[in-house]
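Mind looking over this structure? Questions follow.
Per-chain numbering from 1; labels A, B, C and D assigned in written order.
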Amino acid sequence: MAIDVRLLDQPFNPGAFVGPFTHAHPGLGGVCTFVGEVRGGDGIEALELSHYAPLTLPGMEALARRALARFDLMGIMILHRTGIMLPGEPIVCVSSAATHRRAAFEATDFAMDHLKSDSWFWKREKRGGVWTWIEPRGQDHADLARWD
Amino acid sequence: MAIDVRLLDQPFNPGAFVGPFTHAHPGLGGVCTFVGEVRGGDGIEALELSHYAPLTLPGMEALARRALARFDLMGIMILHRTGIMLPGEPIVCVSSAATHRRAAFEATDFAMDHLKSDSWFWKREKRGGVWTWIEPRGQDHADLARWD
Amino acid sequence: MAKLVFLGRLADLAGAPEREVAPGPLADVLAALPRDLAVALLDERVRLALNGTLKTGGEAVVLSDGDELAFLPPVSGG
Amino acid sequence: MAKLVFLGRLADLAGAPEREVAPGPLADVLAALPRDLAVALLDERVRLALNGTLKTGGEAVVLSDGDELAFLPPVSGG
């Protein structure tokens, strides 16, 4: 199980996936996991993520393969929510298992930077009952430039 | 609960700690977690970590406070095993919660680099029934230099 | 018939995430749409995917019966 | 009595993780120990902690009744 990539349309518990992912790689040195949650505050009531099935999952799988080729990993797991989420719900979970710590950190960092910018997801936020689409932002490009 | 630091003398399930840690920080953006496990292979039968109570836990708490002061965190959790462990058992778990992803990654990375080198733990490995003490190694100093 | 798929804000503009259209050259298909929607679909930042494959070149698109053409605006950051 | 605590490989060398000793100047305490152990304890990389506080300077240590002096070899890497 070198690559485990999933789109999830219901709330999920990251630990329920990270545990089995970790156990699938006996002899590893470490696992670096990042879990992103829907941010609260700012009057946000909900977030909706839409995707395009024929592209989104294959795109995430290609990203996982790139991370696997670039870093010395035993495996990488990428989970991403779609649909409507409330503040505090996990939206993304990336976990990298490696013999050496540095590779696990870098692969998870790399996958997060590219997921945010390269993936086929469209987000909108609900505030005061009104939905607003979220535009691309500059910080993501700066994050990506770190890997060039 | 900005700082949660514990020495554990029994096998532990990282998810059982990361879940409550995450939920204690509503409104966060993300959590970066690193779990290190006792490496298998190489004929390793067991690992033993000894500590010195009057220094080890206070040292870990000081490291957590340094991370909290240096990065923009909502909280940091550092768990470390002591005693005899078998390959595959978690030995360390560091989790950082932050509004922004970068801070969570960097704080966990920082804490891991310093835990490995600055903490009062002495390790020995058992191979073929014989225990051997593990010496300090150069890579740790290179890791630490990244933060100077 | 062929199918147009609108992602992100384009779905709002189109009033629905999908729309059945008569097959034919893309220019003819767009000409039959409301003008503001057609203009938004022609934005240079909007990418096209025909039957699940991204169009990379600038070659003309001609929709056949059963084709699915997706309009993909820039993905969201943050 | 005072107590010496040996960490890491020093515990192996001492044959036990702790040892009761008579109070007094550290030099006298060490002189009463097996020679190879005394030499190992005096290694410049071995740090001392008196009653849970690391010694930073080079001042002479004099053990009083009830004191705990720990000998801390370099911690393990990797």
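FYI, contacts are C-beta pairs under 8 Å (C-beta built on N, C-alpha and C of every residue); 3 or more make two chains touch, one makes a residue touch a chain.
What you see is a predicted model; the values in this text were computed from it and never measured.
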{"item": "Intersection of the contact lists for subunit A and subunit C", "value": "none"}
{"item": "Inter-centroid spacing, subunit D versus subunit A (mean Cα positions, whole Å)", "value": "50"}
{"item": "Computed distance of Cα centres, subunit B from subunit A, in Å", "value": "23"}
{"item": "Between subunit C and subunit D, centroid-to-centroid distance (C-alpha), Å", "value": "77"}
{"item": "Multi-partner residues of subunit A (each touching 2 or more other chains)", "value": "none"}
{"item": "Inter-chain touch pairs (all)", "value": "A-B, A-C, B-D"}
{"item": "Residues of subunit B defined as touching subunit D within the complex", "value": "50, 52, 54-55, 116-124, 133-137, 139-140"}
{"item": "Subunit B partner contacts - residues on subunit A that touch it in the complex", "value": "13, 15-16, 18-19, 22, 26-37, 39-41, 87-88, 99, 101-102, 104-105, 108-109, 112, 143"}
{"item": "In the complex with subunit A, residue positions of subunit C that touch it", "value": "5, 7-9, 11-12, 49, 51-52, 54, 68, 70, 72-78"}
